[in-house]
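Multiple structures are listed underneath, in structure tokens.
You will see chain A twice below: alongside chain B first, and alongside chain C after that.
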Partner chain A sequence: MSAIDLYATTLLVYFGVDVLAAWGLNLQYGLYGMYNFAFILFQSVGAYTAAVLALGRPTHQFGGQQYFFGASLPFPLPIIAAGLIAGVFGLAIALILRQGMRSDYEAIITFVIAVMALVTVSAVIPLFNGEAGLALVPQPLARTLQVPTAAYAWIYVAFVAIVCLISYVIIRRLTASPLGRAVRAVRENANGAAALGVNATWCRIVVSVLGAAIAGVSGALLVEFIGTWSPGSWSYAETLVIFSAIIVGGVGNNIGVLIGVFVTQIVFAEGSRFLPTSLPPNLVGSLQWIIIGVMTLAFLWFRPQGIVPEKRYCVPAGPADHRPMPAEKTGPAAVTGSPLIPGDGSHD
Partner chain B sequence: MINTAAAQGTRPVLEVSEVSLAFGGTLAVNDVSITVSPGEILAIVGPNGAGKSSLVEIISGAMKPAGGKVVFNGVDITHKPAYQVARLGLTRTYQLSTEFRQMTVLENLLVGVPGQRGSKLRFALAGRRTWGQEEAELRVKARALLQDFGLADWEDTYAGSLSGGQRRILEIARALMTEPKLLVLDEPTAGVTPSIVAEIERFVEDLRDRGLTFLIIEHELEFVERQADRVVVMAAGRVVADGTMAKLRLNPEVIDAYLVG
Partner chain C sequence: MLIVPAVGFGLATAAYIALAAVGFTLQAGVSNIFNFAYGDIMITAAFMAYAVNTIGGGLWELFIVGAVTGAVVSLALNRLIFRRFVRHGVNRFGMLIVTLWTGLIIQNVLLAVFGPRFFSLQVSSGRLFTFFGQHGILLTGVQLISIGIAVAAVLIVAIGLRYTRVGMAMRALATNPNLAQSSGVPARKILDYTWIVSGIFCGLGGVVLALATGAFAQTTGEEFLVIIFAATVLGGVGRPVGAAVASLVLGIVMEVSALFIPPVLKELAAFALLLVVLIIRPGGLFSLAKEGEEIAVV
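Now for the complex of A and B:
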């Protein structure tokens, strides 16, 4: 595989994976307003799940890695399982963050959960091989396809693109539906939404589970491409990068978020590789973080709605949508024959 | 205490029996009982801290009482969450408007349709073809309400951009989308101009003519006198009087508690 193929396919897979994760977080944060600083945990759960379900039994593996369970499930079962297990973690987070909890408490609690999870996985080696992490995760269908490495990498890019497309359709359907509207209503005013019959707890569970499942799949796609996963891959700071992509792209807008990922992860993160070599070597890596941080602050100050703001729901009225007003009556009783008043109909 | 429903031989829409609510040892609501009859406009008045809004919180399911019972249309709703109470047909507005700021005026109304097809996960994920027709019908209803409430020209405007008075009217219009059997208005005239108060009065009258039952928490006594069939006076968490406004103006206990000045 040429260097260009390697660079381009790796970049595109990372881009697709980051877009999936950002869409998942956008469901939780953009659509619902959940301050989940443990979001990277879902991606990690997906990655570890897919890894142990593809690696086989630990005793049979080269390198003496220690990990919990272990199986050799065929493609695409490890990826599907990753989404499901991450979804279970999403459910747990939704239940831990109780309805009506202050957003600063949400942020603190999820941050603590992220740190606890990272410390636990790093310290308990039999779980996922501790700090060293898991390696040699087999690439799906690599033996079946029997194609050159470069061709395989491009096929994998196409597969990631398909998963992104399917995820987009699912997210788009949810956000454009009355359920998505109810979720946004909870974000805007939970008490007001409850007074109109919206079950805010269910809304939180839906976005948390779906967002986590998508992030889990993103982790599975990444680990099955790069073949390794360790605590270094999912520090809590990674969640901040995804938040940055959402803020830059446009909170609540999935196309905006895609652009935000492109800007933060591709343009600026990759662009920093071309910084002058005269700079101190340690500074170049840190500059990626500094640039992303400054860019996030700049957007919060000067364009908090992001590059592509959340879409405004406007449906042009058809001829039947506006009735002529009776000249003698202007109050709500003019809703002649409308089932808006009790006794005329029921919503149950 | 007058029990209008019992006097008329009809079942009350709302029966609140001996409810209490404490905040840190202080009884905000102390053994309060009220009933609201079908088609009635019941107003609750009282000085600040009388426990009026806390009582609304209990009735609407936003807070759980320490004791007592709330029955709505024969259903015990004492321990039901607010969204379930709303789905039964008891809808409330808030003292401070709770409009969904970054949603259009039309969307604000469309939220108020519990049980619609597209709000179920399986239909939402199945796509617009499974709920689009119902949504179109609901838009017609919502637009009719917006026109009646004078908000038709603002349907695509974010609710957060409306004036305070328009937001108050939007909140009432939004509540009507739930097809309430009892509408609880928490200080509907607070902080709005006299012209908006007049509009709100007109809406209340029109809706009452169509049979809607109201429970109104209000400070503006002239509004109460014009609109309410019956008035409950609260002070220090307790009901101190219950009757018509004319009768209450002669009650020394009420004068002491509230009407002085």
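Now for the complex of A and C:
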């Protein structure tokens, strides 16, 4: 496999995985207004599930990695299981958070959950091999396909692209459906939506489970390609980067989020090329984080609606009324102005 | 029995939790935003102390440098970043992103300047003091000084908040910012004072944390933030004395529980307690902080 192939396929798989995760978080944060700082946990649950279900029974010989359960299921099953188990975690988070909780408390609760999970997985080695993490996860269908590694990598990229496309269709179906409108209504005005009979808890469960399942699948796709997963892959900073991608791209807009992921990933993957080569390597790593941080703060200040703002959804007044809608306005950015502050037509 | 010495460790641990938590809860209560860069300001103070330590600074110089660094960084962050973003109309969740990223940027600047390794402050830990007999509590001189500073800090804040004009203005701002401002409280100045005082405790806490843990790195402060948060929430957001009592409980519970469970898991006990309280009563047990999404603009 040539260096170019390796570089391009790895970058593309990461891009697809990050886009999936960002779409999942965008469902929770952009569409509903869930402030979930444990989001990377879903991706991690998916990755560990897929890894454990593909690695086979743990060998307790010298040098074998320790992990819990272990099976070697055929190709699509580990990925599907990853989505399902992550979805269960999404359900748990949705039930823990209450409607009307202050946004920063919601973020702190999920943050603490993420930290606790990280500490537990790092410390309890029989769970997922502790700090060292799982390695040597087999690539799916590598034996049956019998193709050269470069061709296999490109097939995998195509597979990731197909999963992205399917997820996009599912998300579009949800956001365009009456349920999607109800979810946005809860975000804009929880009390008003409740008065119209919208069940906020149900809305939260739907976006949380679906977002978590998509993140779980993304983690499974990543671990089956790169073959390793460890606590270093899912610190809270990773969730923050996904939030940054959403804020830069456009809260609530899936195409915007895709662009936001592209921009943040360009900084991580290619940013080092534009820096002087004389810099020590650890400085380059730090500078990449600093650049993304400054970029996020700049977007919050200058363009909180992101590169591609969320579309204002207009619903015709009724079947008899087919007048053209007024010119499209951009929706309220989810970062400035509180969705819970009255003044947008609600009564106090 | 090992429990009595463990209580001694608990006191030493409680000292740096309390120093940090008192500053954090004061600032969170008065300005009504959570500063997630707090742990990183702490570690910045520790790194400045490290720099002074390498050119021969002793214990007291370290504390002074830490306090000054904490105050300056804290005030600068509020003036240059946080206050501006609040005035710009960024909401609560946006402020969380702002403070988290500010903290990460500080961490990475420190990483770029000092390099990726562990650091330690070279200070003689002084002579050993024993209390309650031979199998009683064992504390080093540095630990005793740390505990002393923490107790003094808590007393100063508690008395200052109650009896001085600035303290009363801080409480007024914490309770009702709009009413306080229209009654002539110079809100901006009082907020600046709050950030300075909180920064002093933050810096002192950072130096004491660095002395207590032995080895620290750029991420040490951020890892410590959840524990500060636990003390703040258990004590009630905006209540320094509550935070001090909670720190004492947390410090002793963590060190004593380390006798019975693996030491890596001792923090989990504190986090689990925090989680339960947060889910049942997010503002903490005896909170002064206001519910609702608005942040007062001053």
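Heads up, the rule we're going with is that the second predicted complex is superposed on the first by the 304 of 348 C-alpha atoms of A that agree within 3 Å, B and C clash if a C-alpha of one lies under 4 Å from a C-alpha of the other, contacts with A are read in each partner's own complex, and residues count from 1 in each chain.
We take it that contacts are C-beta pairs under 8 Å (C-beta built on N, C-alpha and C of every residue); 3 or more make two chains touch, one makes a residue touch a chain.
All of these numbers come straight from a predicted model, not from anything done at the bench.
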Problem - chain B versus chain C as contact partner of A:P304, first or second or both or neither - result: second
Exercise for the section: Could you say whether A:S103 touches chain B, chain C, both of them, or neither, answering first, second, both or neither? Expected result: second
Practice task
Considering only touches as defined above, state whether A:A176 meets chain B (first), chain C (second), both or neither.
Solution key: first
Exercise for the section: In the overlay, answer first, second, both or neither for which of chain B and chain C A:I290 touches. Expected result: second
Practice task
With the two complexes superposed on chain A, say which partner A:I113 touches: chain B (first), chain C (second), both, or neither.
Solution key: second
Handout entry: First, second, both or neither for A:E188, with chain B first and chain C second
Key = first
Handout entry: Touched partner set for A:A123, first chain B, second chain C, both or neither
Key = second
Handout entry: Contact residues common to both interfaces of chain A (with chain B and with chain C)
Key = 335, 338, 340-341
Problem - Sites on chain C touched by chain A in the complex - result: 33-34, 81, 85, 88-98, 100-102, 104-105, 107-109, 111-112, 115-116, 226, 229, 262, 264-265, 267-268, 271-272, 274-275, 278-279, 282-283, 291-294
Problem - Parts of chain A lying in touch with chain B, wherever the complex brings them together - result: 170, 173-174, 176-182, 184-185, 188-189, 191-200, 206, 310, 312-315, 317, 320-323, 325, 330-335, 338-348
Fill in the blank from the handout: As the complex stands, chain B meets chain A at residues 60-62, 81-84, 86-89, 91-94, 98-104, 106-108, 110-121, 123-128, 131, 135, 139-141, 143-145, 147-150, 152, 155-156, 158, 171, 173-181, 202-203, 205-207, 209-213
Handout entry: For the chain A and chain C complex, residues of the former touching the latter
Key = 35, 96, 98, 101-105, 107-109, 111-113, 115-116, 119-120, 122-123, 237, 240, 243-244, 247, 282-283, 285-287, 289-290, 293-294, 296-297, 300-301, 304, 335-338, 340-341
